[in-house]
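What follows is subunit A paired twice: with subunit B in the first complex and subunit C in the second.
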Partner chain A sequence: MIGLLVRRAAFGVVAVLAAASLAFLLAWHAPGGPVVGLAGESGAPGYLEEVAARYGLDRPGTEVWLGWMGHLLRGDFGTSWREQRPVVALILERLPLTLGLTISAAVLAALAGTVLGTMAAAGTARWPVALFSALHALPGYIVAQGLVLVFALWLGVLPVQGIADARDPAAGGVALLLERVRHLVLPVLALALHQLCFVALLVRAGVLAQMRLPYVTAAMARGRSRRAARWRHALPHALLPVASLTAARIGALLGGALVIEVAFALPGLGRLAVTAALARDHPVVIGTVVVACAIAWAANLLADLAAPLADPRLRRDAP
Partner chain B sequence: MPSRRLACLLAATLLAAPAAAQPRGGTAVIAVAGDPGHLNPAISTAGPLHAVAGSLFNGLVALDEAGTPQPDLAEGWIVAPDGLAVTFRLRPGVRWHDGRPFTAEDVQVGFDRLLLRHHARARAGLAPAIAAIETEGPLAVTFRLRRPHPALLRQLDVSEAPILPAHLFAGTDPVTNPANLRPVGTGPFRFDSHRRDDQVVLLRNADYFRPGLPRLDRLVFRIIPDANTQVNALLAGEVDMLARVAPPDAARLRGRGVTLTETRSAAGGSNCVMTLGFNLDRAVPGNAGLREALARGLDRQRMLDQVAFGQGRVAEAPIASGIAWAHQPGALATWSPDVADANRRLDAAELPRGGDGLRASLDIVHFPAFARWSEILRQQLAPLGIALRARMMDPAALAQTVFARRDFDLTLVSYCNGTDPEIGVRRMVHSAAIGNVPFSNAAGYRNAEVDAMFDRAASLQEDAARGAAYRAAQAILARDLPYLWLVETDFTAAWRDSFADFAPWTGQVAERAWRSR
Partner chain C sequence: MTARRLAVLLLLAFYAACLVFAPAGALPAHAALLPPSLAHPLGTDELGRDMLLALLQAGRSSLLVAGVTTAVALVLGLGAGVGAAIGPPLLDEVLMRLAEIVASLPVLLLAVLVAALFGGSAWNLALLLGLTRWPLLARILRAETQALLAREYLRAAWALGATPGHVALRHLVPNLAAPLLAGAGIVFGGAVLAEAALAFVGLGDPDAGSWGRMVAQGFAVMGLGWWVWLWPAAMLVLVSGLVAVAAAPPEQPASTPR
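Moving on, here comes the complex of A and B:
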């Protein structure tokens, strides 16, 4: 167990550094380097060079890259060029919202997808499959616009954007909690829908496959109703792929959160990355890539560690 | 002098009178598209920063809707007879938000250490003309000029030259100064808080030097990057004002409890003209026959109707009609649309149609936001046998591709003329402005006559004489066509009907705004 952890951790560090290097390579060679962006609309002779020297951008790319990777290994993410604040502080400000959004969406997708998928496995109707497939194919931005149109503009029950009421924000306590929940309902729904439909299709197919196996027939022969056999016997066996899928798709959800944060004007990690990329604020771009990779890696590790707990067949000491 | 003092007094009375009549209090929520980053408007020209910082600071002068200089931190000014010195008399009794008095030293330090070094437009447009800035006691400051610089007053408002406190910036590195994140100004609102990519909150400055102003208690700038979300938030009542609305969205807002105001200027720029730039260093766009054919082949009225939804005017001349004293009406009148003539000119320019009917294939570099413009250009150029390939880029990439590497055939740029041709037109036509400076002379146009006329206009003092020089230059520009001036685009601001008196043409958008309920 310890050996596995060490191997996985070492692999994680290498993967994160590789991703950071790739991000550096893209950032360094993107047209419109940081110097023009930092110098502003104009620049007198010598000014661009002055700015380049101030941020150490007048050195060769390999040298800058080695320097940055060395700092990353020591846990030093550097300072934002645009805001002159530590990158770690910028990321920590944004992380709770994005993690909350992503984890809520993942849990909602897993729970609701499982229930809906199992229910869809009951009948012979084809329309649930068609519905899940169609919703699954909708881009996140379109889903967000549709939800806003119905729940915010037509029904007027939920806000269009933001995490708080700009005119009179809740001071704290239960009011603050309610305000946050009200503002995050639509973003979480919009982010979760794609994966929710995917889980529902997966669970439906899995339950139907289990229902044809002899042990389910045996259960029903003992007097279990068809419904009880589906929920109590078939479903648990169809659930394993849901757990590993949920973990594996945390990275994709983080990417989806970027679109949702823009659509709902939420101050999360995705917005930080977009703003930084447009401003060519490379330390922040690379910092967000490193954090996103680390989260995806940690989610996968958790799933791998949890799998043997859920399925005895995967335990090392299993007979 | 007495007459000027009288005028100021009169203006003060006129402005003070309605101030008492309007209701006080309330919060206005204003949507802006991007996070300002920091809030030091003297070291950056970024649009989102100035949209917020304009309410925190003042310039020496303010510009009214027509672009005419009005007193702000300066009560009045005297231009020396030879035009080589301008002395500003500063407003007494003005205090910074931290309680310290505002003095001439703030102006001197602000220009010497911040604006002329770090504010891109002040550095490019003002620094070459200013020899020295001298204080004369605590409430007078003199700008000594290398040559007469008649555009000076129009370059001293809160967007072009905001004044920052010397006691926080003298002797520091302005780029890393903590006051950039907790700004201290003289403006109608003072800083309260800033949550990145979320919102900036400003509170009423009770000690503001204009009595009775501002009327609102609180300004919240909500950062909403998506234009569609901005419109939805306004319709849902979560936001009270949109500083900038795209033409199709304005159509959606009409008649829904929203006041729409079209202006020629906004916090980021004024008198903006959507312009097609030709890379004169390349053979095909450098061919005068091709440029003339494009001028004849394009239907600019249709662009105004279909892309700008009628918000603006077809450009009549290289200098925008908003600078009336320099604008040459009808300068581009010879280039009315005529596809047959355009095709004849292309034949004459030795650009015959190939087997596939194509005469030339050109690339066009622009921001993604201008996609509808390049699409209508593509449609209108097809009958001429000219194919367009759009290459869309973000601002940093476009700056490098067009201005540093000069890797383009055509480019679409919204050139904002500003309130004086010196601010926004010289940079696009003067040969000294060719090079690695974004939004300078994209065409790479060199014409000694035009250079001389712009230099002459810059050294004269009277608008009439300057206007004559600019009009002569426009005749040459309309003949040479280094650019095709397509449409003068207006800005549209929108606010809920429960608010009034926003000033979307300036950085100080909410100084006079009030809420009726």
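Moving on, here comes the complex of A and C:
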């Protein structure tokens, strides 16, 4: 078990480095090259060479790449070219929001999807399946705009964008927390809806499959109601795929968060990546790619760890 | 099955209409923000372009991105999936590890990077999406191929001295059509949405129309004309819904014995 985890973690590091290398490759071969992207096309003779030497870009690409990857391995993300601040500081400023958004959406999708899916497994009606499938197909930004239209513009109950009220910023404590929550309700909903519907469909199918098995029949023969059999017996067996799906989709949710952050003007990691890429701030871009990739791998590793805890059949020493 | 065929046909008809009727080049300007009328069935946008023609043009570029993506991913996925299944164990291990790494790449982030650095041309985006979306197909096809390899007619083919190439092209690929099409549908739908998402963020191809960008810009002038936002939004919902129906796995009948 431990050996397996170490192997998975090592493989994750390789995968993250591969992503970082790909980002480096793209940055290095962008039209104009990194030096012109950094210094601009004009300048006194010798200026470009000076900038290249100062940022260590005067060496061959392979050498620069190896140097950057070595620093990454040691946890050194370098300094932002545009802001002249450590990349780690920039990312840490933005990370809590994105992580909060992603994790809230994942948890909301898992919980609400499970409940709705189990409820949908109760009857023989087909409309819940059609509804979930239809909502599942909606792109996140359309959902975001629809939510803004209804809740912010028509009903006026929730803020449209940002994470703070510019006219009346909350000082701190409970008021600040409430303000943050109020601003994040719509983004989390918009991000979660797709996955929520997927989980609901998955749970419904899983519960229905379990309900046909003899142990559920036996439970009902002993006097359990159909409803109790569904929630207490069938549902737990249908939960494991939900957990692994939730972990596996963290990476995709992070990608979706990028769009949602732009739609709601939230200062998160996605916006940082977009502005850094447009400004050709390569250390920051590679830093965000590494962090996003590492989070996805960490979530997968957690799922590998949690699966045997949740399902005794997956334990190595199980009979 | 019928809903599925209907969805495929609708999608085909729909994209065919975009290819045939979309005018080339810049659209002529009329009065801005005209509501739907006989002259402009879907109205005009904030720059006075006919919404119907703009929608068709955007559909054409959406088809280009999604089509190229799917083609690239299909070729790579088919090669990797079948190769992993019939090749030596080492090849299988290497290909599947590679697939795992590629599948874990933050694709949207890399797409943002490509669009920002190389310009958001449709070809760049399609290439990136195709090169990163094949693992899904490879995994499905590897599993299907392994199941097929255990069948008697294939063992008979091996026993009769068939070469791996002959087995792959004559026996495996024709029998992989169904999972291939389902996987291609998923990749296609994902590419449509990824292209629109990128354009929505403002990193799409500036020279090509995009439903994603139309949605973003239409939302800004929502108060002046609902139609500027509604039509592209409806297109995105419609296409992604149709693709979802077309690529959905067939539901097992309730009486399937386990």
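To be clear about the criterion, the second predicted complex is superposed on the first by the 288 of 319 C-alpha atoms of A that agree within 3 Å, B and C clash if a C-alpha of one lies under 4 Å from a C-alpha of the other, contacts with A are read in each partner's own complex, and residues count from 1 in each chain.
Heads up, the rule we're going with is that contacts are C-beta pairs under 8 Å (C-beta built on N, C-alpha and C of every residue); 3 or more make two chains touch, one makes a residue touch a chain.
Note that the structure is a prediction, hence the values are computed from the model and not measured.
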{"item": "Subunit B versus subunit C as contact partner of A:Leu48, first or second or both or neither", "value": "first"}
{"item": "Contacts of A:Ala125 with subunit B and subunit C, given as first, second, both or neither", "value": "neither"}
{"item": "Partner chain in contact with A:Glu83 - subunit B first, subunit C second, else both or neither", "value": "first"}
{"item": "First (subunit B), second (subunit C), both or neither touched by A:Ala263", "value": "both"}
{"item": "Which superposed partner A:Ala137 touches (first subunit B, second subunit C, both, neither)", "value": "second"}
{"item": "Partner chain(s) touched by A:Ala30 [first = subunit B, second = subunit C, both, neither]", "value": "both"}
{"item": "Contacts of A:Leu278 with subunit B and subunit C, given as first, second, both or neither", "value": "both"}
{"item": "Touching partner for A:Val174 - first (subunit B), second (subunit C), both, neither", "value": "neither"}
{"item": "First, second, both or neither for A:Gly156, with subunit B first and subunit C second", "value": "first"}
{"item": "Overlap of subunit C and subunit B interfaces on subunit A (superposed complexes)", "value": "30-31, 145, 262-263, 274, 278, 280"}
{"item": "Complex interface listing, subunit A residues touching subunit B", "value": "30-34, 36-37, 39-44, 47-48, 54, 82-85, 90, 93-94, 145, 148, 152-153, 156, 159-163, 165-168, 262-268, 271-272, 274-275, 278-280"}
{"item": "Subunit A contact footprint on subunit B (complex, rising order)", "value": "27, 29, 34-35, 37-38, 44-46, 119-121, 123-124, 127, 175-176, 180-181, 195-199, 220, 222-226, 228-229, 232-233, 235-236, 238-239, 393-401, 404, 436-440"}
{"item": "List of subunit C residues in touch with subunit A within their complex", "value": "97, 100-101, 104-110, 112-119, 193, 196-197, 200-203, 212, 215-216, 219, 222, 229, 233, 236-237, 240-241, 243-245, 248, 254, 258"}
{"item": "Touching residues on subunit A, where the partner in the complex is subunit C", "value": "11, 14-15, 18-19, 22-23, 26-27, 30-31, 133-134, 136-142, 145, 149, 208-209, 212-213, 251, 254-256, 258-259, 262-263, 270, 273-274, 277-278, 280, 285, 288-289, 292-293, 296-297, 300"}
